[in-house]
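Chain IDs A, B, C and D follow the sequence of writing; residue 1 opens each chain.
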Amino acid sequence: MKNISTETFIEVPFYDLDPMNVVWHGNYVKYLEVARCDLLSKIGYTYDDMKSDGFAYPVATMELKFIKSACFAQKLRVVSTITDYEPALNMKYEIFDANTGEKIFKAKSMQICVDIKTRESLYTAPSRFAEKLEAYA
Amino acid sequence: MKNISTETFIEVPFYDLDPMNVVWHGNYVKYLEVARCDLLSKIGYTYDDMKSDGFAYPVATMELKFIKSACFAQKLRVVSTITDYEPALNMKYEIFDANTGEKIFKAKSMQICVDIKTRESLYTAPSRFAEKLEAYA
Amino acid sequence: MKNISTETFIEVPFYDLDPMNVVWHGNYVKYLEVARCDLLSKIGYTYDDMKSDGFAYPVATMELKFIKSACFAQKLRVVSTITDYEPALNMKYEIFDANTGEKIFKAKSMQICVDIKTRESLYTAPSRFAEKLEAYA
Amino acid sequence: MKNISTETFIEVPFYDLDPMNVVWHGNYVKYLEVARCDLLSKIGYTYDDMKSDGFAYPVATMELKFIKSACFAQKLRVVSTITDYEPALNMKYEIFDANTGEKIFKAKSMQICVDIKTRESLYTAPSRFAEKLEAYA
């Protein structure tokens, strides 16, 4: 499979800061979701498409690595990449300062396709999703 | 209608703090919801009961007044009171330091009963809710 | 005083949604802050400038009016306006669907200037802030 | 080193739910922090103690494993354990349904002690922290 990747820009909002005046660590999970939704939107298969096809993709595992702290109004560039989509949707993420290029954070996530009706885990991607992924790659 | 009121205790978590080392102002809306859900649970008519009866109670208006700032691990006592439930659910809230009794915050909210299927606003409370309210009062 | 206003665009992220599949009401307070910080940035007097001048502007009161619900990936246009800056910083906000122009939400906030060292409330704006406001108007 | 562990009880608030009517995955990071702060408080060495000693403990890595989804008003039991405190503070966490005992989530975190003034990483725990840890164990 070829590279399935995009970049997404985020500006740190004030309400994400903690008493050390940097982004509270749990808020990076939100940035990952924004980047993932952006990539899925560009691929043309959003959470709403999944839902109308009868599937959900709950997150099963995440690994987070905090490298530098981010501060108020900092512009972040998030590079998100789908590394596999079967048997599970595997993604990796890197967050950089959009101006200096300095790496701030990286992460991986694994999501498993679930049939909303039966609640069963599936180990193949919905066909419409697979087609969109191959077309985008 | 007699007084329909309860008190709910909350301890300020670290992740609710902002760079001034006090609770970020928007987080008080969460404390109000915790208190409201606690009161509805004591009355015996939760959001899940509303939903299974076919109703939702979206918030229509809120007024917030910030008096003192709250800090990490501070114990808060939230007094929540239903002041009316028809034509709309009106509530008021006061938040105190649980130890000193000092008042920190107060608020009002108005919620309108909506029929989930028709999306129409109703100006009377669901009968099961009205009964529970009268029984609790 | 002339009009001091700007518009800010926000796309609703997935993590802001509640079980009704619409933006959880408390999250609008975040959108107001994003808009307010954007306006202050355009005026050229940010929270960091306030802090380095020795001032903070804690929110004292807010009034929120929820008109329509907002949903995932909806583009919102927030119009934020400073209506007064003395004796307190008064702002109003209107949120519209960026495509249809439909009004979704409106709000007011009042913030009081506080001297960080003495913790005293001031009823005049810091001079550098007042100059920037007049220049922007 | 002997076991340094505690259990902390959390009730799922409504605002933590997502459109699938379960806890949004990023919110578990908050539950971990509540549990960690509870354990540090029982040990007698809180974030405020760290700060007044001149140290911070930023999170460097986290691993999250989502096993079952949690729902509104569910009572959760979080078991948090310090597995090492030198050269870094390593913790593990397990979240169970407080009633059925079913496992819902598990995680690990690694935090590195930083000297607030010099911003240098330290590979030994502050002596007052080490003493408290040994006394609690």
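We adopt the following convention: a residue touches a chain if its C-beta (ideal position, glycine included) is under 8 Å from a C-beta of that chain, and two chains touch if they have at least 3 such contacts.
From a predicted model like this one, the values you see are computed outputs, not experimental measurements.
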Item checked: C-D or A-D - the one linked by more C-beta pairs in contact -> A-D
Margin query: Centre to centre, using CA atoms, which chain is the farthest one from chain A?
Written below: B
Next item on the list: Among B-D, A-C or A-D, find the interface that matches B-C: by residue number, over half of the contact pairs should be common to both.
Entry: A-D
Checklist line | Separation of mean Cα positions, chain C and chain A [Å, integer] | finding: 29
Note to self: Rounded to a whole Å, what is the gap between the Cα centroids of chain C and chain D?
What the structure shows: 34
Margin query: Please tell me the distance, in whole Å, between the geometric centres of chain A and chain D computed from their C-alpha atoms.
Written below: 24
Next item on the list: For chain A, jot down the residues that touch at least 2 other chains.
Entry: 14-15, 26, 30, 33, 72
Check: For chain B, which residues count as touching chain C in their complex?
Finding: 20, 25-26, 29-30, 33, 56, 58-66, 69
Item checked: Sites on chain D touched by chain C in the complex -> 14-15, 17-21, 24, 26, 72
Checklist line | Touching residues on chain B, where the partner in the complex is chain D | finding: 13-15, 30, 33-34, 37, 41, 46-48, 72-73
